Amino acid sequence: MIWSPAAASIELLTAGGWGSAMLMGLARSLTIALGAFALGLVIGVAGALGKLSGGAVTRQALDLYTTIVRSVPELVLILIVYFAGADLINGVLTALGQAKIDFNGAFAGIVVLGVVQGAYSTEVIRGAILSIPYGQIEAAHAYGMSSWLTLRRITLPAMLPFALPGLSNLWLIAMKDTALLAVLGFGELTQVTRQAAGTTKAYFTFFIAAGCMYLLATMVSNLLSRRLEAWATKGVAHV
Amino acid sequence: MSSPSNEMAGGGKAGLSRLRLDAGTLTPIVAAIVLATYAALRMRWDWLGDYYPLLIRGLGMTVLLVAVTASLGMLLAIPIGLVQVVGPKWLALPARAFCTVIRGTPLLLQLWLLYYGLGSLFPQFPWIRDSALWPILRQAWPYAFLGLTLSYAAYEGEVFRGAFKGVPKGQLDAARAYGMSGFLTFRRIWLPQAFRRAMPTLAGETILQLKATPLVATITVIDVYSVAAQVRQQTYLTYEPLLLISAIYIVLAVVITKIFARLSGKSGDNTAFRKS
Amino acid sequence: MKKSILALVAGAVLAMAGTAHAEKTRVGFAPEPYPPFWVADANGNWTGWEVEIIDAVCAEAKLDCERVPVAWEGIIPALLGGKIDMIMNSMRINDERRKVIDFSDKYYEVQTMVVAAKSAAVDTTPASMDGKVIGVQVSTGQQAYAEKNFAANASEIRGYSTQDEAYQDLAAGRIDVVIDGVVAMNEFLKSPSGECCESKGALPRDPSTLGEGYGVGLRKDEPEFKAKINEAIAAIRKNGTYDAITKKYFDFDIYGGE
């Protein structure tokens, strides 16, 4: 009794069916997630350093940024950044006499999610940097290393093992948050799934297939991050 | 960070609270005043009068969603976490699978699967329409509550798994040495200790639950985000509704943090640090 | 060396963001199935009556059109914000929308129907909606009409992100009534999930909500662009392109009279 729906489902999914469209959607989701995660890391390092060694105004501004992003739902933030962000940048450009930029879907998605990721990254990296035994930084200064050199050679590598668990969690969040872009109409995996389900009326088939794809991506990510953590904590005594 | 400075207070502002009046404190205050004036003067708020009742209704639904799903989810999470630490394999493995699947897939997808996926089954089983549950199954909110509860249960199940595992085994051994039964140990030693370990994370997780609630608008449940969306569609204002509900969510997040701070204060923090 | 790296990165970012802008006209549409106007195939390509009309109008007006998917509920803000240049997605020309955007001349017009389960005792009068749950797509003329005329009687007017989801819930029995244009409704009734239901009658003409036909949504301060679009619409009607496309999908004239 369950074979015919199962067979029908498989037929719907394979090439000629919607399977390839969904895989493309998955690729787009992963691309946006990767871009957002990378942007989040850049913002995170800058933000963490700002919070740790910046002036009072910088710290307050960063506190405001992280508090807002961590209290306001991503969906609302995505809408605000999508409209306000584009307005701001285009406003600046028109003021400078340049032509307006059109933000294509992937770019907007990466910027929006990257800003959200940045706030969380800031806290993770800040916590990680604070966990570095201060003696290492002191030693670097004693050697006469410049701030930039200290950052590059000591701080960032040393904070990595502490930051990895938090960062790998953020990567998973980045992947799942790309689904929210479906509400804006961007063609990533969840949107393609909704389209396929709506066209064929095979809702269960496609939502479960999409779930499996996300799950696969998550499990692969978990495996990779465990490997990464093992590599980063080489030589460190494990609990 | 910048702790209240006693010297400054004694210095020249007798009677005022111990605020350090430097750039760090002034800037956000000035910025807030500037933004508030800008918002009040240059933005359109006339729609508030018309949409006030709807906003209250949406706000009520949001608060209900967070409160109910967090409570029910927590109740579910305790056995889910416990069974992975102590329980028989045939219970622990499904619990593990449940947590992995829910945490590994987007909540939006789960909500759509529950609402539209199950919904697509109804025409195939006509007897469902005649059953007593039909008036409930017809509506959207049961699916929202179910989806959010399962999601919270999965995430907190993982938290409780770590919390139960983290309680020092010595405490459980001591309980057994006293002749406490398994259930008594659980009730008096294991659970309260695990709860205390989990508490700091729970505040953050509940705020995450709050941030997840807007997704129910996509399955036609009217929460505060859905009202803001309606205002946007009918008045074509982009920013004002979104800014208003951002402020609402920030206030709700602060309330949740305060509630959990109160709860963890009550659970007998036996450190020497006194909360001023 | 750092400066040139920075310049390179900035350049790459701007290039990536700005490539689409050049001379393309971005046509906004909601990426949801709405047969026979919008149908997606397995490769994600959109076909349908409206898709072909868009191509014809763009060819006639000599515009390099690019279809940009935007969720329906955000499509007017996207137009106002400059993310798209025109909306051509079965959008009714009604007074509410006229307050914020401009419209071209209509390019089709059909009646709006009430559809419900075969056993439901529903017609187009407000009284028959007593205690019923009405499903409409958000931000549509149908929703405005329902809120205006049926809100007092209906037990609930549920708003869906896509029309397709409203039909889905009607088939599932979760809602009692759906309001939609007759053409899309007929497609639903012909489909397997539409076997549950039938048409319950046409709603009267109401320019303020249901509008005066479907037109292209445009920004308000662009008279030359609007004139170009109007000329293109008139031209494809005159030279037979419109009729040729229409014949592929319908056996009646969807323009709906002058």
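Letters A, B and C mark the chains in the order given here, with residues in each chain numbered from 1 onward.
Assume a residue touches a chain if its C-beta (ideal position, glycine included) is under 8 Å from a C-beta of that chain, and two chains touch if they have at least 3 such contacts.
As the structure is a computational prediction, the values presented were derived from the model and not from experiment.
Taken as a graph of touching chains, this assembly is complete, with every chain in contact with every other. In this assembly, B is the chain whose CA centroid lies farthest from the centroid of chain C. Centre-to-centre spacing of chain A and chain B amounts to 21 Å, using the average Cα coordinate of each chain. Mean C-alpha position of chain B lies 37 Å from that of chain C. Separation between the centroids of chain A and chain C, computed from CA atoms only, is 33 Å.
Of all residues in chain C, those touching 2 or more other chains are 77, 81, 161, 165, 168, 193, listed in ascending order. Chain contacts: chain A has residues 79, 83, 183, 194, 201, 203 touching two or more partner chains.
Contact of a single residue of chain B with at least two other chains is seen at positions 116, 119-120, 218, 238. By the touch criterion given at the top, residues 55-57, 59-61, 64, 67-68, 70-76, 79-80, 83-84, 172, 176-180, 182-183, 190, 193-194, 197, 201-204, 207-208, 210-211, 214-215, 218-219 of chain A touch chain B in their complex.
Of all residues in chain C, those touching chain B in their complex are 73, 76-77, 80-81, 96, 99-100, 133, 138-139, 158-161, 165, 168-169, 171-175, 193, 196. Residue ranges on chain C touching chain A, taken from their complex, read 14, 16-21, 26, 30-33, 39-40, 42-44, 68-72, 74, 77, 81-83, 161-162, 164-165, 168, 191-193. Those residues of chain B that touch chain C in the shared complex are 116, 119-120, 122-123, 129, 137-140, 218, 220, 229-230, 232-234, 236, 238.
Every residue of chain B that touches chain A in the complex is listed here, in rising order: 1-2, 22-25, 27-28, 100-101, 103-110, 112-113, 116-117, 119-121, 207, 210-215, 218, 225, 228, 238-239, 242-243, 245-246, 249-250, 252-254.
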